[in-house]
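In structure tokens below, several structures.
In what comes next, chain A is part of two complexes: it sits with chain B in the first one and with chain C in the second one.
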Partner chain A sequence: MMDVGRHPNIKLLTNSKVEAIKGYVGNFDVKVLKKTRYVDETQCTACGDCAEVCPVVVPDAYQQGLSSRKAIYIPFPQAVPSASLIDMESCLGTNPIACGKCADKCDKKCIDYDAKDETIEFKVGTVIVATGMDVFDPVILEEYGYTKHENVVTSMEFERLLSAGGPSDGHFIRPTDRQRPKTVGFVQCVGSRCEKIGKPYCSNICCMNTIKDTLLLKDHYPDIQAKVFYIDIRAFGKGFEDLFKRSKEAGVQYIRGIPGEITEDPKSRNLKVMVEDTTSNKIEEHEFDMMVLSVGVTPRLDMPEVQQLLTLSKTPDGFFMEAHPKLKPVDAPSTGIYFAGCAEAPKDVKDSVTQASAAAARAETLLSAGKVKLEAITSTLDTALCRYCATCSRVCPYGAFTVDPKKKTISYIDALCKGCGTCAAECRFGALTMKHFTDEQIVTQIDAHLAEDPGEKVIVFACNWCSYAGADTCGGARLQYPPNQRLIRTMCSGRVDEKFVLHAFRKGAPMVVVSGCHYVDCHYIDANRWTQKRVEKLWDKFEKWGIRPERLLLEWISAAEGQRFQKTMQDIEELRKKVTKEEIEQTVKILTEEEEKDKAKAKKKQADSPTKKKS
Partner chain B sequence: MPETEEKDFKCLRCSAEFKLPYTKGVMQERTCPKCGSNSVRLDRKKEKGAPAGEKK
Partner chain C sequence: MPQDDLKIGVFICECGTNIAGSVDVDSVVANAKKTGNVVYSTKSRYMCSEPGQAEIKKAIKEEKLDRVIIAACSPRMHEPTFRECVASVGMNPYLVDMANIREQCSWVHMGNREAATKKAKDIMKAYVARARYLQPQEEKEIPVERATLIIGGGIAGMQSALDLADAGYQVYLVEKEPSLGGLMSKLAKTYPTMDCAI
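For the complex of A and B:
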């Protein structure tokens, strides 16, 4: 931290909030609200005289509320910059008559109660998101009695209690009687791997954190008995298994089973747990002086704000989604934005440092090159055809379009486009064309596939990254699927325009399949949601027109799901066989009539518009 | 926050009928518990109380 603070090329903006980020790779305009500290950080020597005279006492968040701080304080011992700040919500001193003691005491006259927040604007080429995480609050798990039983603490509180710089100055005590506990129990997976509370993921760090805590405890107080209740110990990192062994050798008992409830003996304030040891299948009762809940990691509460600022997407567990889990684990889907640390997923210090180094290197590579290679497959906009309906700006996962329907203006940043093609599929006026995947190119493919024996064929639209790759996996594994299925590749299923599906049916296709990535795998943030919406609309239309919706299927198939692809295609072939020639003819008739109606409507509208203008 | 409720769905691939959580305005990946297809459609006919399979 000190090195970062002193580095000539790093400008550190602490106590600040990013209010807006606009632009794209190499050209981000950033607006930051630098909140005032009410203390001149360039003059403050962090002597602490001001805090000594401050009469206001509030809980210290750094010490997990186990001790207090003053209204003027240094957040934690190694804080950078090493200067005090005033918590103005608690301070009495905005009115010097009310207090003003810190200002009187400060020899360097650093304190200014009238200091104002400052807005700073600057340009950056790349952005690294390292917004961290929150810790799970176990209050909602009533069975553990956190806050009800004072001797139940979280792993974070335990760390502070054990720390030499902690609230008890390194003397390990339990909260109720301030005596050193003789027995300590640890409960793992509190707020992790729990479907019930919507936290099905493993928090990654808790097992090793507990092992480290038990070693610390045994190192300081070898006579304390420690027991760990766990589902399974995940010690998969370098040297981690060794640490686990050391903990067991130090006398820590590991019991495979999670207590159902923690109860308190009102007299001794000791804690009792009943647990089934799944290695012996026996119900055991244990009593402890103190219990530690090994709490998991959760996404930060303010993540939606950051998500909106940078048009990021999230995985179902609520952390930010990387561009690709294997090939681009540091990159955000938008070029020039990278992740470091727990913003992307729960990770320990080592993994966070590794990712941060990778993110810095990725950003530096881009900046040192001085120019950016853009996607070749992007949309092109014909402003002459645009009606400023703003559909494109609504569906674009990257915010490449800015439309003002009132002023009739549209701006499109090519550098932001990643080429999913959702805009081209949604634009009703033909103003957007997808390079290399134009309407004409796709329609021509449909025509070619259905030129001979259309009733025998199935048109399958497959996205480049998942479904098409899934077909490849299927083929690579020598899994047979019916040969009459004709795949048409698009970059994203979002590119599959309603008119492609209707065209295929008009050309006599008995079945059409639209396939893409599973929701969490979508390579274009959330473009495949638009695919689903479109298909659902088509099902409704089909029903209205008297066409069986069952003839249009939607399937999410990942690149690894070769078998799923085979099974899906085999099932579809069975369904195809049930579609009669008469049904196909009837569909062609209905859809041709509907097309004629649409054309007539469009013609009428076109004919009406100049008349209206004249009148 | 829109409310989540159990609604009737129908699989267009295997015709299975089942209930799934549904939140209005929230897009979700839905999978047929029988065949694994994602061609899962909200069964509006059942919702309206009409017998399944009845034509409009």
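For the complex of A and C:
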């Protein structure tokens, strides 16, 4: 912490908030609001004289509310920067007549009640998101009586009670009678691996944290009896099993089973639990002086703020989503943004440090090169055709578009575009063109494939990263399938415009397949969500027009799923055989008529509306 | 609009017997020669090999080719190879395209030479049709400001900051709370070393 505070290359902005980030890789303009401390941090010596005279006493958040602090305070003894600040919400007032004791006491005259917040602006090339996590609040799990029974504490409160710098100066006591407990019970997975409260994931750190806690207890007080209630003990890291073994050898009892309820003896204030030990299948009763809820890790409540600033995505667990779960675990989907620590997923100190160094190295790759090559295959915008409907800004996974439908303005930053082509597929006015995968290029491929014997062929749209790669994997494994499918490659399934599908059917294709990455695997964050919506819309239209929707398939096939690709192609061939010549002719007729109707409608609309002035 | 005056070259790879084993490569070459805008077509045992690439470069220069189609393996395998190959003789790398007749044709229709050949021709023709719409593309390069913003001053943010600052880069470390340390600073001890967190 000290090293960071005094490093000449680090500008440390505490008590601060990033207000705005504009731009793209290599060129981000950042605006930070530095809230005033009301104490000049460059002059303050952290002598603490001011806090001594401060008459206001409030709960100390650093000590989990187990002790108190003053309105002017130092967050904790080792804080960096080592300087006091005033909590203006509880300060008696900036009016010196109301109080002003601290300003009078301060010899160096560091305190200024009228100090103002400051806005700082600067430019950076890369961003590292290390926003951390929140700790699960067990209040909603009423069965554990966290709000009813004072001697039930969370693992974070337990940390403070055990700390030499804690509210009890390192003397381990229980809240009700301030006596040292003789028996302590730990309940694992509180707020983790629990579907009913929407926390199905493992928090990663709680098993080892409890093992550590039991070892500390046993080290300090060998006579204390400690029991741990668990589902599984996950001691998977380097040296972890050894710690688990040591804890058991020190006499800590591990019981496989989670108590259903914690009740309190009103007289002794002791806690009682009933639990089924699933190793012996016996119901047991246990009594403790104190119980610790081993609380899990949750995404930060204020995550949406940072998410919006940088157009990031979240996984179903609520943590930030990386560019690829296996191959790019540190990168955000947008170039130049990286993750470190629990913002991306729950992890312990060692893993956080590892990912932080990895994030620094990833950022350095760009910083040391001093330049970055942009994606060549991007969308282009023809503003003359734009009707400012804002569809593009809604579907773009990277926030490359900003549209104001009222003011009729659009801005597009092509440096943010990664080339999925969803915008071009969704734009109804032809204002967006996807380079290298233009409408003409794809339509001409369809025409070429269906020029001869169209009734025998199946048009398969495949995304570059997953389903096209899955077809390659299938080939690599020499998995055979009928030779009637014709693949058309796009970078993302999001590029597959409904007009491509209709064109293929109009040209006499018996079947069309749209294939892409599985939902969470999409290489363009969630562009394939729009693929699904588009195909669903087409199914509805087919239903209305009397075309069998089963002839249009939507398949998610990953790069590794060669067998799935083979099976899909085999199944499709069976379906294709059932499509008769008459059915195809009927479809061609319906779709040609629909196309004519659309053309007539468009013509009428154009005739009715006043001519658009070209600027 | 398609460009109708383009000169397209089509190069079919035998890939040893990987493609030639299931596809009648000669008939694909003959078919290519009859396809619109194709002024040159040939086959090679291994198109990606040095002699194969030399043949492509020679044809681009001698036949003044505007677009090149390589019917061979997956573009996921050798697209970078052929982009580099054509760029070395001055052609924009986005004017070469790969028609996948190995992973998605010869390898999956073994023992069905007739159907595989028919499919290989379709794939080749689809790419020739597409080639008429191909445009040169540019990979733009932009400068990178040599500074990093780190949001969060917990253990992760601090470690990233120190690594980058030690490497000589400017770091802006923004922390919401009045002190560095994050959640870790509230821990009494940390595993696996069982030492103090601060």
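Here is the rule we go by: the second predicted complex is superposed on the first by the 551 of 615 C-alpha atoms of A that agree within 3 Å, B and C clash if a C-alpha of one lies under 4 Å from a C-alpha of the other, contacts with A are read in each partner's own complex, and residues count from 1 in each chain.
Please note the rule applied: contacts are C-beta pairs under 8 Å (C-beta built on N, C-alpha and C of every residue); 3 or more make two chains touch, one makes a residue touch a chain.
Since this is a predicted model, take the numbers as computed values, not measurements.
Colleague: For A:Leu554, using the defined touch cut-off, is the partner it touches chain B, chain C, both, or neither? Pick first, second, both or neither.
Modeller: first
Colleague: Of the two partner chains, chain B (first) and chain C (second), which one does A:Arg564 touch, if any: first, second, both, or neither?
Modeller: first
Colleague: Look at A:Lys148 in the shared chain and tell me whether it touches chain B only, chain C only, both, or neither; answer first, second, both or neither.
Modeller: A:Lys148 sits against neither chain B nor chain C.
Colleague: Give one of first, second, both or neither to describe whether A:Glu364 is in contact with chain B, with chain C, with both, or with none.
Modeller: Only chain C is touched by A:Glu364; chain B is not.
Colleague: Which holds for A:Arg529: it touches chain B only (first), chain C only (second), both, or neither?
Modeller: The first partner, chain B, only.
Colleague: If you count the residues of chain A that each partner touches, which comes out higher, chain B or chain C?
Modeller: Between chain B and chain C, C touches the greater number of residues in chain A.
Colleague: Touch check for A:Lys537: first (chain B), second (chain C), both, or neither?
Modeller: A:Lys537: touches no partner chain.
Colleague: Looking at A:Lys350, would you say it contacts chain B, chain C, both, or neither? Reply first, second, both or neither.
Modeller: second
Colleague: Contact residues on chain C for chain A in the complex?
Modeller: Going by the criterion above, the answer is residues 1-2, 74-77, 94, 100, 102-105, 107-110, 112, 115-116, 118-119, 122-123, 125-130, 132-135, 137-192, 194, 197-198.
Colleague: Contact residues on chain A for chain C in the complex?
Modeller: Checking each residue of chain A against chain C gives 1, 3-5, 7-18, 21, 25-28, 30, 32, 37, 62, 64, 75-76, 78-81, 85, 122-133, 135, 156, 159-160, 162-164, 166, 208-209, 211-212, 215-216, 237-240, 243, 302, 306, 336, 340-343, 348-350, 352-353, 355-357, 359-361, 363-364, 366-377, 415, 435-436, 438, 440-441, 444-445, 447-449, 451-452, 457, 464, 468-469, 471-472, 474-476, 478-481, 483, 486-489, 566.
Colleague: Mind listing the chain B positions that touch chain A in their complex?
Modeller: Those residues of chain B that touch chain A are 12-15, 27-29, 35-39, 41, 56.
Colleague: Name, in rising order, each residue of chain A that touches chain B in their complex.
Modeller: Counting only chain A, the residues touching chain B are 518-520, 526, 529, 532-533, 536, 539, 543, 549-550, 552-556, 564, 567-568, 571-572, 575.
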